[in-house]
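We just call them A, B, C and D in the order they show up, numbering each chain from 1.
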Amino acid sequence: MSESEPILELEDVTIQYRTEGGMLTAVSDASFTIGQGEYFGLVGESGCGKSTIAKTLIGALDDNGIIESGKIRYKGEEIQDYTEADFNEELRWKEISMIPQGSMNNLDPIEKISDQAIEIAQVHTDMTKSEALERFEELFDVVGIQKSRIDDYPHQFSGGMEQRAIIALALFLNPSLIIADEPTTALDVIMQDQVFKYLDEIREEGEASMVLITHDISLVFESCDDIAIMHSGQVAETGEIETIYDNPRHPYSFMLQGAFPDHRYPDRDLEIIEGHPPENMGEVNRCTFVDRCPYAVEECSEAAPELEQHEGSDVEHRVACFRSEDAHEEHYQNKEMPESGTAEVEGDD
Amino acid sequence: MSRVRYYAFRTVQTVFMLWLALTLLFFMFRAMPGSYVDQMLFAGASPETAQAFREEWGLNDPLYVQYWRYLVNILQGNAGESLEFRQPVWDYVERKIFNTFILVAPGITFAYILGSAYGLVAGMNRGSILEKYGIVPLIFAGAFPTFVTSIFLIVIFASGLGWFPTGGIYSVETRRLFAEAAWYQPYLTVDFLHHAVLPFMAVTFRYLFLPSLIMRTSVFEVKDQGFTFYNRITGLPLLKRFRHIAKHASLPVITLYPVSMTRAIGGLVLIEIVFNWPGIGQALVNGISARDYPVVQFVFFLIAAFIILSNYLVDIIYGLIDPRISVEGE
Amino acid sequence: MSSQTPLPSRILQGVSNVGNHYAIRNFRSGLGKMVESKATMAYGLFIVFVLILGLIGPTVAPHDANDRMRSESGELLRGEPPSLDHPLGTTETGYDVFSRLLIGAQPTAIAGMLGGVLIITIGATIGITAGYVGGRTENILMRFTDLVYGVPLIPTAIVLIAFFGVGFLQSILVIAMVLWRGSARVLRSQVLQIKEREFILAAKATGTSTPRIILKHIFPNVATMAIMFFAIGIGYTIIIQAGLSFLGVVNPFTPSWGVMMRNAYTSGQVGNYWWWSIPPGLMIALTVVATFMFGRGYERVSGGGDDEEAMAQAG
Amino acid sequence: MTENEPVLRLEKLQKYFQEESFKDRLLGRETEPVKAVDEVTIDLHENESIGVIGESGCGKTTLLRTLMGLYEPTGGEMYYNGEPTSEFSRSEWQEYRRNVQIIFQDPFNSLDPKFTVRDTLKEPLQVHGLDNHDERIHDVLEEVQLNPPEQYIDRFPKQLSGGEKQRVSVARALILEPEVILADEPVSMLDVSTQASILTLLSDLMEERGLSMFYISHDLSTVSYICDEINVMYLGRVVERSPTKKVLKDPKHPYSKALIDAIPVPDPHYDRERTKIEGAALDPVDLGSGCRFRDRCPDRMDICEKKPRFVDVDGESIASCHLYYDHESDDTAADIDEQRLAGGRGSSTEAADQVGDD
């Protein structure tokens, strides 16, 4: 597998859920690519389909969910039609592992953590028990937990500690891709930072790539290389984090960043985005942001905009908006460009 | 709060409950109107014989003396004398306890195994026909009053098809054959099993739906917990995932098992009457109509003791399985 | 409302206000949902049928309970199999089984309703008070409930009735005195969850009085479960009451279905005269099943919970 | 009531939970109380908005429930318009409950699922016996921008979005025209887009109605839009109090620094250092009398075994940390709250001499 071949490619993927009211489209025509060792951020409000994508990548879509169309290539291999058995034998935990939502109960509360690790190791590899324990102790060290605690029960760990144990488990069989679905939502801000400190260290080693799924755009700007912003099932904009921050082209991107508070500029007015993301039934042939977008025109509600490369930037930067040029102009006429990060904040020691 | 101290405390609490049950029963039966002696007078016995009888049984002593003697006797394993049969209560009741137990224990255990199995399978494939409608016949069976089920079983299988005897614990020949043999011999005969089938079915029908309902709901709850999803994404095979869920889901069922056992003993009275099964239920009903309260009192104590001990047992089992419980104590 | 609005429209508005009153609205939505699930409706209708039978049974019955049936030739019809003029045949002592069945509906219906009401009233009062008040009262009430849980139902009922008189009403009272335990325990745990929710804290913080909170916030959110226990309470009371009358512990003269079963059994002819024991047995069983399934269906439809554990606790 | 008497004043407020189970009493074991709120002193003046910030388990929810009158304080006193609430009669409490209203964090649990919007807003009016309900409900719904009110008034909570539910909670808090609003993290469960609109709504209402607000949260990045002053709380104690902008730019107490440094910044060019703090906060049970952050504090000293006093660091920020005064020699830096309390009001002298470490 050559160095340049991306580890994960999504091409016009549409995922739907069977509900009483018909086929609920959670993701429509989503496309993005993740390179080797790259950290990719998937950002959007609740209900935008990011968690659906996370579950699909590890083959754990809910029972009523189906991949309606599109291609998912992992290391060049198409996996959108993989069965539960295919995932178990070829991908799960050896190739793709996952850090589920930050809530407290990912581990079986009545079994020791070490036993659960050994069970995973013995299912996928022929490691002996001692080899598995040794490897697991090493990983506890990496995530900053005393080695002696691998034989504890999950309820003896605090929120932050359990989440770091989950990270250790995610790294256990040296996967190439780690999916982190809102890994620190339930944690306090200091604990969250501790978790991301260890994620950064893992990133330095550079073997595994990661998909970070979150509603908090600042986590992606701090810890990822590229970003995709999603709104109600559609990918609005993708590109490197600096490009998207300095030169957002999709109305939802610049309004979302405007709505995000930054404690360094407490006086900046927060951008208000009216309404809430709609639920889409069946075929989605309109821009899902049309009812909330101040720059929307007739055309936006007649067809779903395609993700096209933005001419203005020489780097990979794709936008799905019919009026991205004029919307950008209109938006920034009265506001100066977002201050770039380099401006030091006075009094900051 | 180490486990040892938690168990010690539970043991002390259990002994206290047993004493409380004994005391309550003692005073309850003394407070009952219409004692055995009234029954005698009513049946035409002369006041002198009644007085002699009271003397002999020490019924005229002050209550606390009687109570003390009653406690001491119980501790020495002497459950008092049956007024009607003039023999120690224990000898009269001992075999009957075994008869009830030999019927209830297998009946409830089988109902729980079958019910839990159904609950697990139904719980795992929610929304299937089995899960939605499979439970209805079980509830039907459970809702049938036990004596109705028993009579229907007799009408259909005994007098109707003649496959099974209409009652009793073993046929007359078996009793004659094993008159001198050890007390447990007759229970090993096919004849006994032949007699036990219908009552056994009556018990199982009545209690089958309880574990099914609880296990099914428990599996739903467990499947909502994060670790079932985590077991799936870490690629564990179905069997291992099933083991995790089953272990968790069975906790509430294990807690209910002894409770059902005690309720069944209470409920068995009807089955014993219909099938003329010589258990403690029958002894209780006859004892009451004869106002033979030492027997009734002792049978009651047995049932209460069984309930208290089973709750104690449940706490111990729960403490062993679930590490979270024992550490925090209560 | 200014005074000049004409009286009729004010009354109309009053009525619509009442119609809009939360209790009526909840009940209507409950009924609406219930219609969706056909099965629950069917069980509900069967219960109503038995209740109506309880009301009109004795008047509708072709013969009096104790009339001895005679053929034209005046000879006592003993153990007649079902025929045209005796749809369910006659008993060993010549009574008409069909008439006794209709007459027997009344005591069963009364026992069920009375038992159900008593069980839910005691259970709800103890459960909701313990759940809402908490602290020492909760502890005492719950320890008491645990104690009652330990009481073996039928033996105790037999002892209490045998000593306190075999009256029909006493038997229902005794059953209710024991069977409230299941609803108390489940309702308490439900109240414990609800009382911590923010809308209750908000009501308390704005000074809403406790009775008003219980009436307006706790009851509606517990009503679905309470109705389920009411239905199951009816079922269980009927089972136990029939059992006690079968044992002859309850006064064996009111011809309830349980007593019919007893007479059929004690006559020794239960095997031969199947038409004597099967109909009452079936009627008892179907009524109880209907109450169970209606209770469970109603709870699933409007409560939306899959909480079967509560139902199992009811026993 | 003197002219600048604060609307709400907490004076060394304490709330301990004594988890004494039946077993402990039986075995005669004395269990240590959980000191959820330990000697908190805060003033809330007219039309002022105070923030209480801290991680989960720092006692801010217990503090809020004490302010709501749901918990009895174990020690210290809570004054409403100068009157001590411990001596309140029933009618005084009823008056308090009318003037102090609450907005909750979780939009899905703060409205009764069986009540329509009309019922939810009507109940407080009925409890306090106010008339012409429909008019008041209509106006307050317009005020929280749920227009047209008719469209929302007969809806059930499950027919409203998260943002709309939160607006109904705000309406319920406003309908009795209160003096003080207690806000329990009102925006933390909402998406970013709705968050901004609720924050703006709350600050506009503060101006228009001259309300005072007590705002508790774990999220420092939104407080600047609502609070004039911030109290940072750790394990039941206030460790720093200073104006919002000041604490965000120049936090004094090591814990405040750790909190602010740990906030992720939505700017890829800004290279933020990760937190140096390890471990997690313990339960506030028998932590001894010293500074409660000492086990995790990067600037830890031996002196930290002693309870730090509140000292004025630079005329604006007040912090309770030994970094800012020499505990042994410098006795003049008496606890600032003691000074202000003693100086501010002559009457309660006994409060003043509880100085120094307990």
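Structural remarks
Keep in mind that, in the parts below, contacts are C-beta pairs under 8 Å (C-beta built on N, C-alpha and C of every residue); 3 or more make two chains touch, one makes a residue touch a chain.
All figures in this text were calculated on a predicted structure; none of them were measured in a lab.
The greatest centre-to-centre distance from subunit C, using averaged C-alpha positions, is reached by A. In terms of C-beta pairs in contact, B-C outnumbers the other of B-C and A-B. One finds 26 Å separating the Cα centroids of subunit B and subunit C.
Subunit A and subunit C, compared by their mean Cα positions, are separated by 55 Å. Per-chain Cα centroids separate subunit C from subunit D by 50 Å.
Here subunit A touches subunit D in the complex through residues 45-46, 144, 158-161, 188-194, 196-197, 200, 215-219, 221-222, 241-242, 245, 255-257, 259-264, 266-267, 270-274, 276, 292, 340-342, 345-348, going by the rule given at the top.
If you check the complex, the residues on subunit A that touch subunit B are 58-60, 87-88, 91-93, 97-98, 100-101, 103-111, 119-120, 123-124, 153, 155, 169. Put simply, subunit B touches subunit C in their complex at residues 32-34, 136, 139-140, 142-148, 151-152, 154-155, 158-160, 166, 209-210, 213-214, 216-218, 220, 252, 256, 259, 262-263, 265-267, 269-270, 273-274, 281, 284-285, 288-289, 296, 299-300, 303-304, 307-308, 311.
On subunit D, the positions that touch subunit C within their shared complex are 22, 65, 68-70, 93-94, 97-98, 100-102, 104-106, 109-115, 119-120, 123-124, 127-128, 169, 172, 176. Those residues of subunit C that touch subunit D in the shared complex are 22, 26, 139, 197-199, 201-209, 212, 216-217, 220-221.
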